[in-house]
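One chain, chain A, appears in both complexes that follow, with chain B as partner in the first and chain C in the second.
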Partner chain A sequence: MVDTIYSVVYALVVYALNLLGPIVPIAPSLGPGLAVWLSYLVVGAIIFAFSLVNVLVFIWWERKLLGRFMDRRGAMHVGYAGLLQNLADGLKLFRKQPFAPKDADELGYYFGPTAYLVMSVMILGLIPLSFGVSGGVVPLSLLVALALFSFAPLFIFIASWSSNNKYSLIGGMRTAAQLVAYEIPLLLAVVGVVALTGSFDLNVIVGDQARYGWFGLPLFLGLLLFFVAMLAEVERIPFDLPEAEAELVEGWSTEFGGMLFAFTMMGDYVRALIGSYLIVLLFLGGWSMPWGLSNFPLSGLVFFQVKTYVVFAIFIWVRASLPRVRTDQLLQIGWKRMLPLAMLNIVWALALVVWGWPTIHWPVL
Partner chain B sequence: MSEMWINMGPQHPMTHGLWNLRIKVDGELIVDADPEIGYLHRGIEKICEYRRYNEVITLMDRTCYVAGIAWEQLYIMAAEGALGITPPARAEYIRVLSQELQRLSSHIIWYAAYVQDIGLMTPFLYGMRDRDLVLDLFQSYTGARMTYEYMRVGGVRNDVPVGFTDRCRKVMDWLDGKLVEYEKVCDNSTIFLDRTIGVGILKAKEAIQDGITGPVLRAANVARDIRRDRPYSAYPEIDFDVAIHDGADCYGRYRVRMEEMKQSVRIVRQVLDWLDRNPGPVLAEKVPRFVGTPSPPPGKEIYVERRGYPKGRGFSSMEEPHGEAMAYIINEGAEHPYRAKLRSPVFVNIAAAKDYLIGYRISDIPAIMGSVDVCLGEADR
Partner chain C sequence: METKYGKTVKVAAPPPAGVRGIVVQPMALVARQFFKSLWRPSTILYPMKERLENPEFREEVKVESGAPIGVGEIWDNYRGVHALNIKTCISCNLCAFSCPDTCIEMVNVDAGGGKSKKCPQIDYGKCSFCGFCSDACPEGCLTMTPAYTITTNNRKNMVYSPERMFEVFKVKLPQNPTRIALPANEDVILLDQDLCIGCNACARDCPTKCITMIEIPRAEAKPGEKLPKRIWKEPSVNDSECVRCGTCISVCPRECLYWGARK
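== the complex of A and B ==
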């Protein structure tokens, strides 16, 4: 299962090397190793490009849907129905000169948003886009992904503190408080899924759902909790306090301009993409579809993306219809409501296991 | 975290204008507040002294950019008092119509900005969409959407066009439904209620001490409305209720404004019926020449500059969308006002920021300041 995308790419790389062989002489001893390394690179590039295109389309999707919710049309002019608008925006930001405010700590100022984006993109390498289509294949891929996911507040805090702005600082503080508070219900909601499958491997989790039904049904509470916590983790309305533009201008990213701003923005959307991916993978069956719909070649890839966009549409829907909560209310929701419910969800999941949920990987029961 | 001062402004999303709210925060808690205004000061009162009576109208449009026609009428009423002119009845009714349309557009833009401050973006665009209809009405009879320059000393510039009343009724019918929708969007949202109820409390006693007027005062359960208490124009003949609420908080102010919009629609309907029944002139016949002459023809300045017209003083007060506005004009017999003084409700409402901000959180500032409805054009003048 590991090798679907790698085997394809490896074959292509070997073919290309053979074509190149007569032109560029390669030492025979280097040959096989080189092909392996090149295929790693190619797979990485494919996944990176795929994700970035997805991020661009995500922003477009949000713009269009928000527009429709708000009785307007969204971006219309660049490309078909504004599809290339984000590319134009990105190019505009790319052309800007990067600079740091006078009293900012330059190292942290440049490092913060860059690391925020890099760390977010790293997670994409762990997420299987379809059966066997993933950059890195780790048995604990879910755990590693969530661990990387929870690195963000650190970098946000570095970025906000080093930009030497009071709004940034308050935004950074809020981010830290918020992300730490919602990390816990998020992880506890995952525990239910892990209890049912007995595995941290996303491939296994999706495989189980393909066989025994999506976890969103038995663990509906977990799905809700995960969704709400994910809303907070990706800092979207109603939990977008870290960048509450009404009071904090732009929150922790107030001082960033040009490409650094693009990094923060892209980081946000990459995280939203990952959040949607995780919701689909953990609760909505990943790339599997009932009635054998996902048995056709490449159909899993398509279904996975479709589900992701539907989930993100719900994110957008929430954004279009809810106001922003206040800091203290946010923390109250997190600690007083989400946490007990997450506990309840774990108890329910364990009860399901005890009552005989058809798990095959659980080693103890 | 130790205490620190934060400058929210002069350019800040919360301000809705150009002013600076300095707050001292302890963590997220506000322990002190110090509003600073004056960034938009254009010396309108002083410029009035150098302009002929009808030329001042242009300035009044710029006094408040969301309620231009209200300030026009405020000035015109004071000027008419100073010059001793009485406008015809139809002009008074058209003025009331303009006032209420302006109140609608001002309150709708307030609603739009307010929900956006709280983070609700969708109704913002709904509000802007519906406000456009009201602006279209304005455009149809004043020719402008923002700076109307429509009122004249002694009446209004022109009558409403043919078919205006039906068109206006249509817009009012549309707004009837939309106002209900606005309320539903907010009242059915638990988060909105959490953000507004019990936030930014300003009790009646404090509000009266601070001189606060308008919806902020009425939300503190004080039924004070100049339209009813000291009626002007055609308001004595019009039937409407004064909206009050006993919350004294942001939610109360929101409720008061929503109710006022409904009352405005009611008033507009009455005025439209009256306008349909009573045709007539809209400009007084005997207006002193210098008032009606924006600029003297070349070589004829001497006739315009002559002295000896009746002297007088004019005072007017009216219920502007933001509160009670007042104007005082001294006429020393020249063609310019000798002195003009305007009293802006927003100026007073901002000045009392300390009373309703301290003890709340940074996140509450947009909710509170938004509920006060700030328009810096008229505060700085």
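== the complex of A and C ==
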């Protein structure tokens, strides 16, 4: 296995330990155990750094595209075409003093945004960026990722409750209602994909799409439902009621400043990144491309990122076009429209299976 | 099509109901805008690229006087930085007198030949660009230009000396504006002959030198009154040359000059 990230990192770590040999005689003798643990750490750091860079570029992408949609230029002064603007903003937030409001519950105030970010970043360990480039091969990675994904309203609610601010609290309540309501169509839209593959492993799902074609085509309804539900899950316009600037100051993150605000912001974009990743992985073929385009070394990594950015561009397009929905409209769309359509999607997927879709990974009953 | 403000304008049809009007149409509109502004957004990069100061730009848009030339550009009669023709300035003080912000100060400038004269100096930190000064200027030497770039990081740089406004004049207004003709029914300077002592102050300070002291017949002495023994003179104002600056009225020690209707 040369092509997984672990084998490469393991070889590098062993080489580094052997280099350390003359200086620290004990290092090579600790054997493969230490090297394995070190390579876990290094892979984790690589994935974390990669996704954080992605988040920064995501924000840049959003600013530039939104600017073009609005007939202006977006960030353009710091770095090439404003690429380093977000880094500068992050440094500014990093230099600020963290403090809690007088009547805030300090434990929840500091814990909420931090846990929100950490829980979002944890999902990235389960998402394969290309074949073999992932935190590990988990047979139920899709299920675990979605489970972790649905943890967010809890931490958002903790953060908003501890802020001791009415706008925060309203935003937190709305987040809880919205995220819980849209969790159901989101998961039901995934069921169609799982029915076609018979597996919760994202690697297997992408492998099936490489073999039989992208699921976005037969399950177009599922793709649409998953996209809309994901828009609501990552709290983006037109479903950004939790931080409706016109009504609630900044929604549930009103009271946060400095690095805590950076955590909430980064958490939002990490979730948007994960949402785009999941859409690409489940419906748009992941890192696979037709006509053997993804057979070159490392091309899968590039194709996966390109697709992710295209999906996020559609997120931005929607944000530039549509107005925010009302709360009643939001829940009406969720429960009255998307839920029956998700059921229809499942029925359609099962019909496909019955009509002879090759489901080689189905467990033997 | 609908008539609005005397023009026939195109009125957009109301959006269709349902998903098509709420989702599809706005997204198509925004996508069109995206491709329109993909390479050249409408933003004018103002501090980096000065469009107005660029003479090529002014030729490009073919500015007609008073006609609006579009969003982001500027009117030709825009009231911006002043241009001052030092050579024709007569130091009449009318600009400083009419300034509501008292931002105009008359300062000495070199008039050539070892002489100096007073010319206006404008503090743009105070100026409200009302244009009263250029309206009041009888010689038409103080005019406003469409130049608006007075931004600076030092407040002292906002004070424009007459020489600096002369530079603006040379760049912006190459033609020499002529003297503005006053209306025929304009008030004129009148003289109360009983009060005048013939002191020559008005003729000395008149910026246009339109006041001449003319000799008048000696007054008849009344019984018991003693008249001074000197040549009797009184000012005579050439109304066609007078710019109505009022300097003579303000310097007259006996307050014998006043405004009045032409007789």
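Please note the rule applied: the second predicted complex is superposed on the first by the 357 of 365 C-alpha atoms of A that agree within 3 Å, B and C clash if a C-alpha of one lies under 4 Å from a C-alpha of the other, contacts with A are read in each partner's own complex, and residues count from 1 in each chain.
Methods note: a residue touches a chain if its C-beta (ideal position, glycine included) is under 8 Å from a C-beta of that chain, and two chains touch if they have at least 3 such contacts.
What you see is a predicted model; the values in this text were computed from it and never measured.
In the overlay built on the shared chain, the residue A:320 is in contact with chain B and with chain C. In the superposition on chain A, A:328 makes contact with chain B only, while chain C stays out of contact range. Using the contact criterion defined above for the overlaid structures, shared-chain residue A:295 touches neither chain B nor chain C, since it reaches no partner. More chain A residues lie in contact with B than with the other chain of the pair chain B and chain C.
Look at A:73: by the touch rule set out above, it reaches chain C but stays clear of chain B.
Once both structures are placed on chain A, chain A residues 69-72, 320-322 are touched by chain B and, in the other complex, by chain C. Residues 1, 4, 6, 8, 12-14, 28, 115-122, 124-126, 129, 189, 191-192, 194-195, 361-366, 370 of chain B are the ones touching chain A in the complex. Contact residues on chain C toward chain A in their complex (touch as defined above): 22-23, 26-27, 29-31, 33-34, 36-38, 41-43, 45.
The touching residues of chain A, counted against chain B in their complex, run 66, 69-72, 166-167, 170, 173, 237-238, 240-241, 244-249, 319-329. Contact residues on chain A toward chain C in their complex (touch as defined above): 65, 67-73, 317-318, 320-322.
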